[in-house]
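Input: a single structure, listed below in structure tokens.
In this document, chain identifiers A, B, C and D correspond to the written order of the chains, with residue numbering beginning at 1 in each.
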Amino acid sequence: MSRTSYEGSDGNGGRPLRDVALIVGGGPGVSSSCARLFAENGIRVAVAARNPDKPVLRELEKSHDVRLFACDASDPDAVEQLFRSVGNDLGAPTLVVHNIDGRMAEIFRKGITEADPARVLETLRNSAFSAFLVGQQAARRMLETGPGPDGARGTIIFTNASAALKGFPKSGAFAMACHAKTGLAQSMARELMPEGIHVVNVPIDGAIGWTQADGTRAHWLAGQAVDDNMLDPDRIAETYLQLHRQHRSTWAFEVVLRPWTEKW
Amino acid sequence: MSRTSYEGSDGNGGRPLRDVALIVGGGPGVSSSCARLFAENGIRVAVAARNPDKPVLRELEKSHDVRLFACDASDPDAVEQLFRSVGNDLGAPTLVVHNIDGRMAEIFRKGITEADPARVLETLRNSAFSAFLVGQQAARRMLETGPGPDGARGTIIFTNASAALKGFPKSGAFAMACHAKTGLAQSMARELMPEGIHVVNVPIDGAIGWTQADGTRAHWLAGQAVDDNMLDPDRIAETYLQLHRQHRSTWAFEVVLRPWTEKW
Amino acid sequence: MSRTSYEGSDGNGGRPLRDVALIVGGGPGVSSSCARLFAENGIRVAVAARNPDKPVLRELEKSHDVRLFACDASDPDAVEQLFRSVGNDLGAPTLVVHNIDGRMAEIFRKGITEADPARVLETLRNSAFSAFLVGQQAARRMLETGPGPDGARGTIIFTNASAALKGFPKSGAFAMACHAKTGLAQSMARELMPEGIHVVNVPIDGAIGWTQADGTRAHWLAGQAVDDNMLDPDRIAETYLQLHRQHRSTWAFEVVLRPWTEKW
Amino acid sequence: MSRTSYEGSDGNGGRPLRDVALIVGGGPGVSSSCARLFAENGIRVAVAARNPDKPVLRELEKSHDVRLFACDASDPDAVEQLFRSVGNDLGAPTLVVHNIDGRMAEIFRKGITEADPARVLETLRNSAFSAFLVGQQAARRMLETGPGPDGARGTIIFTNASAALKGFPKSGAFAMACHAKTGLAQSMARELMPEGIHVVNVPIDGAIGWTQADGTRAHWLAGQAVDDNMLDPDRIAETYLQLHRQHRSTWAFEVVLRPWTEKW
């Protein structure tokens, strides 16, 4: 069994023989790590991205049989169509990860007087509103499908950011979007947990590292004594899988992840 | 009167002789109470509403010389124009209250699967995005104007709701909007307090009462022993005025107001 | 004066003709400012301190007719006796301020491995446990006395610190004590607000300034451009009086106060 | 591989060949589940309890080679001695769980005016102060021992309760103790994470179930359709083990666990 597999030989925690994961947002970090780990643990995986034609995604398609879908997750019709397509292709998702933070160069670290209103609204749409759309479709499908053998219908995970925990200066638009996502997740958790749907908010409180071309880990400051001062997306994915596998008698709603060196 | 007295005979806490308040949102509750109280304390008052032609506002115009402005606060150009008009008419605002919660019948108490996406986006625009627009313009004007004698440039108050404190079930869209407003307010406070601008978030955690046609107070449950189990908008306005008059050495950022009988 | 005016000519917000305040903790900062302001607003004032024989307290006795009581507020019998004595002398308190933070040189800014357990326990006793003792006696007396004309029985205010908001490094014992005080205050608020007792937690998030011998204000860093970068205890006292005068339809439970220059 | 084992064949996540766990508090719920699961995953386990002579503990001694120690965890000398004894017997602990909540019949669900001060202080001692003592010794030993191959020195987990999240009415003393524990944990986390020690606060927000004599699960309300509406201590233990195995690049500080049916 691979090192990323951390369950018994049933590989699936008593869930329906075929778990289906849908990851919305297709970057090289958390989304790719999730796709890989989920697939290695016997889950069929779909990834939706505005542009699914990135090399990193095409590679996942080949290596892990990940299905790719083009989708603008801020468009209600597109999100509805996405869930229909995934359902037809793999079956209704039992694990949905919303992995878009909507950070835009145009509004990031911009003072309140500098931020362009059009970009602020776009950020709200791409992050909070798309989280709503994805959460709504996920809830609908899971409620239709009925519970698995352990009583749970599925898991909806919202990847979030430090700005969900604290509104930093020069971060008004991003703080709005991240706080909104937390509010949505909380409301959905209180509404859907009694229906057997596990809703989780995961604020990532720190920079996410990755493996560089030369095989070493990217780290926060070159020349630092340690190279593990950024979050490892593979470890984030492990936490997501553990959250999906938690029994409904013992669910976590919010897990903040941060590196050991982070100030908070 | 000794220096510890906090309502000196100037009635204005050492601020420029003429404070100017702009209240965005024109309902019969908090907005009207603020307009009345501020005017009675020597502040020149403008109220902006989608429809300023309501009887309650026209009455304030007559009784308290309140200036009325028509404004769709979710439209960037309209908000910019509003601040220009108020500035020309009364001078740059030193006290701005954003008093729109964006609650809509169509999304209120709707389960996550029932809420109409178009209305959810409208709620985000009317509440969080309009708060951004108003906050941005307020910050710009206050930064341009320069500090008053006590060093402070002005006060920006965001009226918020219980859903800012907790995402309740069947309240996803509203929780998003209210949490977003909190995130914005926090970020603005951290950014603008060192510039001498007092930013405040006031979640109103309970139902707001009012004086009924027969002169009695509306209360939460007919037949209850007490008639003060809803928040009094006049008392909310008092808190707002006290917050505006706090010295910058001793500022509050968040004040949650609730009735004594409220469960929380 | 109109009904919106919040400081009628009776100077006492409709409460019993003679409000009685008991301030537990007798330093030259918040306690003294409260004693002065309360007395100047027609409230009879008692101050309890381990050592009431400090010059600053003796001066208040002379200038503002403040009654002084010796009391170790971490001793259950002493606290019970204190309330009996104040009751006999001035009447049952309607406004009680717990103003002891228990900070000790021995545990302050000590790493977790360095702090002396005996001092840690002493800190818990002096701060959290004494807050419980004072809160318990205050609740008992207020419940016995019956409500005033506005329905409220009185106000209990806990002065708290930054460490109530966040557990800082090298601050374990102090964070314990401050968090404990918040937990107590919250529980008491939920229990006693429906009985007409206003319970408030006031974390002071910053250094408190004072007037120096030469008449200038103490400030955080000598040579800074501004001298109002520390909280003014007179302003803190103003907030306390405003909180005491809030109507029970519109109560605040927690107010964090900080200077405009504070990082948070 | 047993079902409780969820890691690769190294069974130990790259840590020193022999992890040593010390569980302070010896009930039949979380402590026993932790002892069993940790032992089954190759960790040497010590349990400290006031009375280690309970049948449930003696059984663990036999079945899982768990070492038992008598210790009053609110006594500084006893706690120091405990860590010395465990160190001599099994080696310095790399995983320490503080599992005492200090709930006492005498103060639980007692109104603020009813609680006996002596019991309130005892609760503070047994819960918050003992958490400090155990945390201090754990930190000392881990700092002395030096890091494992993955850079981390060890994990300190504080089991906490709903009263850490919210001060409920008639729960003042317990709210004090639980909030204090959170404050301590936060301070220790900020201080010790950069030293490679993972500090975690786990508020258990709900009733904990157990297996009854007849082999069925205890549940909250007899006659309910479901029997998994209480937290499963075996599942809590799984989360603890996962937290211990998190890489220091990706640590969680706080995980609130609750059943799917819980109101919050």
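Following the convention adopted for this analysis, a residue touches a chain if its C-beta (ideal position, glycine included) is under 8 Å from a C-beta of that chain, and two chains touch if they have at least 3 such contacts.
All figures in this text were calculated on a predicted structure; none of them were measured in a lab.
Each step here moves to a touching chain, and the least such steps from chain B to chain D number 2.
When the contact pairs of A-B are matched by residue number across B-C, C-D or A-D, over half of them reappear in C-D. It takes 180 degrees of rotation, in steps of 5, to superpose the Cα atoms of chain A onto those of chain D. Where chain B touches chain C, the two copies mostly use the same residue numbers: shared numbers make up over half of all numbers in play. Chain centres here are means of the Cα atoms, and by that rule the chain farthest away from chain D is B. Chain centres here are Cα averages; for chain B and chain C they lie 29 Å apart. Inter-chain centre distance (chain A to chain C, centres taken as mean C-alpha positions): 46 Å.
Centre-to-centre separation between chain C and chain D, using Cα means, comes to 35 Å. The residues of chain B that reach two or more other chains are 190, listed in rising order. Applying the touch definition to every pair of chains gives A-B, A-D, B-C, C-D. Against chain B, the residues of chain C that register as touching in their complex are 2-7, 33, 36-37, 40, 151-152, 190, 193-194, 196, 198, 209, 226, 228-232, 234-239, 241-242, 246-262, 264.
Partner chain D is touched in their complex by these residues of chain C: 76, 111-113, 115, 117-118, 120-121, 124-125, 128-129, 132-133, 135-136, 139-140, 143, 163-164, 166-173, 175-192.
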